[in-house]
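Here come two complexes built around subunit A, the first alongside subunit B, the second alongside subunit C.
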Partner chain A sequence: MSRAVSDTPIRRSSDTSQFKSVGKNPPRKESREKVTGKAKYIDDLTFEGCLYGKTVRSTIPRGKIKKITFEPGVPWEEFTVVTAKDIPGKNVVALIEMDQPFLVETEIRHMAEPIALIAHPDKGLVEKALTKVRVEYEELPAIFTIDESLSGRNIQRGRDNVFKKYHIQKGDPAPVFSRPAIVVIEGEYWTGPQEQLYIEPNGVAAVATPDGVTVWGSMQCPFYVQKGLKPLFNLPDDKIRVIYCVTGGGFGGKEEYPTLPAAHAALLSWKAGGRPVKIIYDRMEDMWATTKRHPCRTRVKTAFAKDGKLLALQVDATMDGGAYLTLSSVVLSRGTLHAFGPYACDHVTIDTRAVFTNSPPYGAFRGFGAPQTIFPLELHMDRAADRLGIEPHELRLKNILHKGDTMATGQKMEDEMDIEGILKKAMTESRYLEKRKSHREHNRTASPVKKGIGLSLFFHGAGFTGSGEVFLDSRAGLEITPAGTVRILTANTEIGQGSFTTHSQIVAEALRIPYEMIEVAPPDTAVVPNSGPTVASRTCMIVGELLRRAADDLRDLLIRSSGLSNNGYGPDEFRRAASAHAEKNGVTRVYAKYKPPAGIHWDDQTYTGSAYGAYAWACYVCDLETDLTTYQVEVKDFVAVQEVGRVIHPVIAGGQIEGGVAQALGWALYENVVLKQGVMQNTQLTNYILPTTADTPPIRVFFYENPYPNGPYGAKGLGELPMDGPAPAVASAVAFSLGGKFISSIPILPENICEILK
Partner chain B sequence: MTAKISFTLNGKPWTGNVHPLKRLLDTLREDAGLTGTKEGCGEGECGACTVFLDGQVVMSCMVPTCQAEGKKVTTIEGLVSDGDLHPMQDCFIQEGGAQCGICTPGMIMAAVAYANDPDSAEDMREALAGNLCRCTGYTRIYESVKKAMEKMSVSEIR
Partner chain C sequence: MRSYLAEFSVISPRSLDEALWALKQRPAPAPIAGGTDLMVLLNAGQLPPGAYLNLHSIPELRRPIEFVNGEACFGALTTYADARRHPEIRKRLPMLCLAAREIGALQIQSRGTWAGNIVNASPAADGVPALMAYDAAVELSSASGVRSVALADFYSGYKQTARRPDELVTAIRIPVPEKEAVQYYRKVGTRKFQAISKVLLAGIMVLGKDRRIKKIRLVYASVMPYTYRARAVEAVLEGRVPDGAAIKAAVAALRSELKPIDDVRSTAAYRLRVACNLLEEFLSASSPSRGEARRG
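Showing the complex of A and B:
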């Protein structure tokens, strides 16, 4: 199992010598606190007189609550207990739809659903007391699979259990399939749920009184929590204050979910007369109860000419949304808009739906639906190449989008792009062709270890889908400090992706001052403007551009009003001008507001137009071995080539790609969420297997830089991109190692390989 | 039921009244006020709570406090001396080895143990296989450890 750690420098293509901060690798703003153990995560904060809260959760998937008994053996009179009837305002999570209660009133819709809350100053006693709350139920029939949901036999949501549907139409594929001399290929694919598995579990603390509510927590989106809590307490914006604590990973798992524990802690505090309440999930509760990646079943049907030209494409994908809508409609939207891949095709239909089941709601997870539809299409392309007798890379080259082509949505490719160059670079760096040949030869020997190599070609749209950024209407700001330095004001949280640092570099560059003169205000709804959620690969690209524009305005202001020279200045001159301005005018803040780039139009009704302002493009190659004695797969080498606009901080950007690839390798090969009655059973790190150092191959990252005119210094989003490509590349390489036997569902576990070889 | 338990914590004597079976992790965080040691799983799988007990790497969530009696406990806070970072900490900053940072204190402790005794594991991968990181894909962590080991070989290892 032992492998040397090979050199894995991050390589990039552009010359950034004209920049002073952008393209450099300054130390992360918060890294000193993190490496010394001084960084304060939510569970590191202490609150005077704190109570510890726990959540009583349902142990049936569907039914009615008959009775809740607080059994003897616990000093219940010392406890704060909250049920739905204690809620001062509306018992509903304000998200896309108001369909999910904070606490069950009568009907339970999934396992692990919150029913009641208990709190006590003694942490150990709360744990014990949790076992003494007995809930009696009247059970009702539940549904756990997509097929059961769509069978029509047990309708629990609307008329057909369907949360949302989308349809994309370009041309008309149906008649193409009956044309003569074509090759029709059909396939069904499955991607399983995945746990985000941030190493810091969800956690919050709250103080709530009729005068106002304050929440501290591990989270991606403080303003989501604020929005979620307003109806619960019938309080206005300025009475709900949400403060971000250093957050130990999110990956989407702390996008919408933290609103629930935040509300729970606040309800307990409200009932306890304003005493602080902390709720920190342990790992088992976090894995049992919180959101996961939507499982997805996809059917793909293609018609190819004999020479490999893609003539028609039909994709039909169904996601399991779980028991409440939460974000399923937007996850499905992104899945829909990534289902057709980077290929030019005249006749395309994409039909997708998200359905109700009695599972805990599935939620945001890095990639947000796109990995679920990219996997089937890319693996399908490999199966097609196999059937057509064309090399997989050649089949792709025959069909890739070029400038001037239109996507299935009708979006015309206006920007310079070089998907072919990306593909060829990945092939060169991975020695793809050479290895296809040598692996084939090796696999003819008697060795029980078979070798495989596979590639995937894909894109990821950055920022909110369609008109989403317009609706978000984000604002970001800069503040001049009395010391003459500059403070960044955004709601965007540092969750490991390096946003405090990349934002600081962008502002430093725009103001032409050193990176060290920029600081970042910790996101706190009482202090920062709402610059939108920290999701969708938008923080650097969208919010970064707002900051760049705010910086331009700030510089102009200092030139106009405080004598900053228009013809260049040093750090000290800037500091003097800024502090003079602050002294004269008091606190000065400059804000920039989102403006959609010109030429971006999207029609939500027909699903046509520019779904995303910018796309990152990538080709990934996976080289692996399958051991036919143990059926284990070992990834030996991984090459990730991508075009992401401009790289602001190569080490941070490389770290995003490397980490995303590892997370996606986990999804492809190890991370098997075992469901029973709709809920995860293997809720421990002993039985839910994450990639360790021993499982993660050398990941070699290459950036192509092609500056995007509407991103800060040309940057596009990249955080989710690496989640998209690894799974199909792995599945393709496994198929190669097995002599063309394709496994169409992930994770690919040893037992699946054993099964297909039988 | 508590008992008086004493050990050397980051070079200084420490005494507290704690339940002898209280997890060393909780004693460090709650009684000694050192919150740099983190809890990720509570069952010895993730390594976020890694500390040294008499120089040996242990998962402090799996160690009852009474086992530390009379021993030397070193935590992430103990790596800094006179305000100077340990070379491993410094290299994690320079090479981007820390992202969200929650695994970082444990990862650095495991890395320091390996750097101090490279013969303790077959290679860096094996040495760090007990410490999970969800952010980095481990690549920048290897770069950090490699750089630190180069530095440590020319400076005084502590």
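Showing the complex of A and C:
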């Protein structure tokens, strides 16, 4: 089942021979430490006198705490116990809104909500003690679905249970639907929750005293943790230090969530007089209690001319946000801004909302709302193609955006783009037309194995939405070491995506020195500037560009002050100049600050303007078989063609695409979060099913390169893109294999196919 | 890990007699061999604290697979990997190899034992259906003697087995079927490998010269509270030619015999339908040229 590298070519379209580092595949900066086992993950760190902390969590979805009893059976006098009463500052997570407590005071709003904390030096005894904490409740009626939330019968948030709404208006679709000689198509679609399932569960360690708090942990965003902890302890920035440890994956699941365990460990340490406290979730706790991808229900209504021209588009999407806002408003924003797809249409409305339910808060997950709205639109295009009697690819070709067209937000397509070329390339690579024909013929035979092929066309906006990057106001820096090498200073974490490596390539290229002369400072809030979170496909494109600019300034500085030649230099000359500079001036750091690219304007009030500075474009094709004996789907071939600006490290970029496709195939075909009272039941890897390599097809990756003027050497973001396209391509192909039965929700489990065919 | 290890103890006997004597204690210590079921429970904090009996320290239980009088004989510690690697098992009892390769990953296959698969009594056991289809018998030893129980009679309900707490499985005897027997093994899991069964059928069928079914065994996993031999369907089929009408009758009988459940892994409706489809696939593949044991 293993695949030879030659079976899955990563091919690219551009020539990068003018570069020395960019476009090459140097060994990853952190790989030697990881493969030799030297890398220290949080649970590998040892602390003298360490206590092990556990979280007492609610076992009802909503209600009031009447009493907490610590039953006999363990020596409670040896334990450190924390409840909301022990909190020195504000009991609220500082994120977008201050609405989520670190520990419940009286009212529980979801299952698995933290109520109390216990810690002891004996790990096993803490486990036993956890079973001896009894919480008595007064239960209150809870809501678990979008419909229940919107019914108005049980309002728990604001006036209507709605966390946030968005509206995009372009032209006026309403009158178009009553025009004569048009085809109106409506559909409702559903995408389920998904667990991020990083290999390393959430884990932190903390030491907290009135003099300051230090946190070590597995995380994406050290500065988010710092911000979250400040009000909790009433301490200033410089008294809260957050140190990233080698992190075994994030996928969004370690974007906002680590603030909770970090605060919990710090509270226990505070109560224990500054003894170090570790909290490491096991897989079951991690899956039970932490965030998942937002479930989303979307209704799409379109009007087409008989020839397939898209005349009007209305999208109405509702996401389940769970019991606290956390990041739902921004997840919803990205979903809103991807709901109209890469199509030109004069009359569009997009209405979206995120609603309250008594589920643990849904959170960040690769794609961040976009996969949830791309899925319905792409399936709707298939449904329309079927109704109009037009081939799905032709319907898309008739409606795609070209340079000069405007999106639903009014953003004019100014950069060079070739969506048509991407679509056609994907069709050629996958032999799409030929297979549609041969699969149709095959499916008329008696074979119980039916074949299907489907495609999806989509984009992903890189960086923070709208004015987000301006608000972030990121800074990144470079430092000259006494040895004359260069150290990268950013808050951006290496979570398996290769950012330490791609950043080093960019800096090496800009400084015209070898990649080996660049090192990366571990993200530690006491050492690095706040270059923003490691999210939103922004690390390479936004932070990489800051580093490129800092490198330009650093080079100029050395030319001006340390005799570095303006007409080219070798590595040794650079080293000498840098080392001389460091000797003379001490530690030298050069920083660059974010500047929005010219011509980028966004209006948060009207949701018009340039939602993103850059878009990656892609077309994915999925070829699969459905076995009518078992109703199992086997993906046979997958073609992923995308335009992502310049590819900095082809192997890493290809890995991002393959990994994202595999993760999205899981979402589409296997990953079924079974909810009961709003919380996940199947919290083990034996019953929450991910595809293994045996279930994953060859993924053929093709990069179409079109350098983006505002990205480092032309790079755009690509980390989230591959999460967007696979699900609709899979659903389309499964529908094809079943002879045109329509699929409108994921995951598409064998049980669902069995049901559809009944 | 959610268990408090201080509350567990392990007895490591040096002989079978010592082990059987230890099993006379009340409560009897639970035997642990490969640990591939018990360690999962230990990690989840669901294993009852108390004493466990380590079988690896007992020399009499470590013996290779033997063939005696037309039967394969497994010991208490025979692993899935032992069977997978054994050339005679591959040739003469192929369903055991197919089952072995479907169980967990190589690590599990190297630790997990057939005897453990039997006594753990999971309805989703992958090894038990193949053994039962081959008419295997379980040898149970205790301080008061040795007895043999047909595997088909071993289970009486969810986690209910014929083993008394003082008994240890000391051998599994598996008769080698007739050369012309048609064998079928298909596991429908939640994914290709590293999966727990949602439906599994192990079947064996011997046809007479007149194409009538002389003997048939149909054993399902994951559709009933224990590994289930569909005797009513076997009775419908015995003596009949497996033609379209017979298949239809068999599927109808199966439909009324099985009572699958809904759980986090699958639905009752799916399990029933796939159980029927597998039966149909097995019976329609009964011509000798297509009658190879297969893997799903």
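Just so it is clear, the second predicted complex is superposed on the first by the 752 of 758 C-alpha atoms of A that agree within 3 Å, B and C clash if a C-alpha of one lies under 4 Å from a C-alpha of the other, contacts with A are read in each partner's own complex, and residues count from 1 in each chain.
Here is the rule we go by: a contact is a pair of C-beta atoms (placed from the backbone, for glycine too) under 8 Å apart; a residue touches a chain by one contact, two chains touch by 3 or more.
The structure presented is a predicted model; accordingly, all values stated were derived computationally and were not measured.
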Output check: A:Q681 vs subunit B and subunit C. Expected answer is one of first, second, both, neither. What do you get? second
Which partner does A:D282 reach: the first (subunit B), the second (subunit C), both, or neither? both
State whether A:T630 touches subunit B only (first), subunit C only (second), both chains, or neither. second
Is A:M98 touching anything from subunit B or subunit C once the two structures are fitted on A? First, second, both or neither. neither
Can A:E751 be said to touch subunit B (first), subunit C (second), both, or neither? second
Quick one: is A:K128 in contact with subunit B, with subunit C, with both, or with neither? Answer first, second, both or neither. second
Just checking: does A:A174 make contact with subunit B only, subunit C only, both, or neither of them? Give me first, second, both or neither. neither
Going by the contact rule set out at the top, does A:I699 touch subunit B (first), subunit C (second), both, or neither? first
When the two structures are laid over each other on chain A, which of subunit B and subunit C touches more residues of subunit A? B
Which subunit A residues come up in both lists, the one for subunit B and the one for subunit C? 282, 684, 686, 690, 692, 694
Please output the residues of subunit A touching subunit B within their complex, sorted ascending. 2-5, 8, 25, 27-28, 30-41, 43-44, 196-201, 246-251, 282-283, 495-498, 651-652, 654-655, 657-663, 684-686, 690, 692-694, 696, 698-699
Subunit A partner contacts - residues on subunit C that touch it in the complex: 1-7, 43-45, 188, 190-196, 198-199, 264-267, 269-270, 273-274, 277-278, 281, 296
Please give the residue numbers of subunit B that touch subunit A in the complex, ascending. 29, 34-43, 45-46, 48, 75-77, 79-80, 85, 89-90, 92-105, 108, 122-126, 128-143, 146
Which bits of subunit A are touching subunit C when the two form their complex? 1, 124-125, 127-128, 131, 282, 284, 448, 628-632, 670, 674, 681-682, 684, 686-687, 689-692, 694-695, 750-751, 754-755, 758
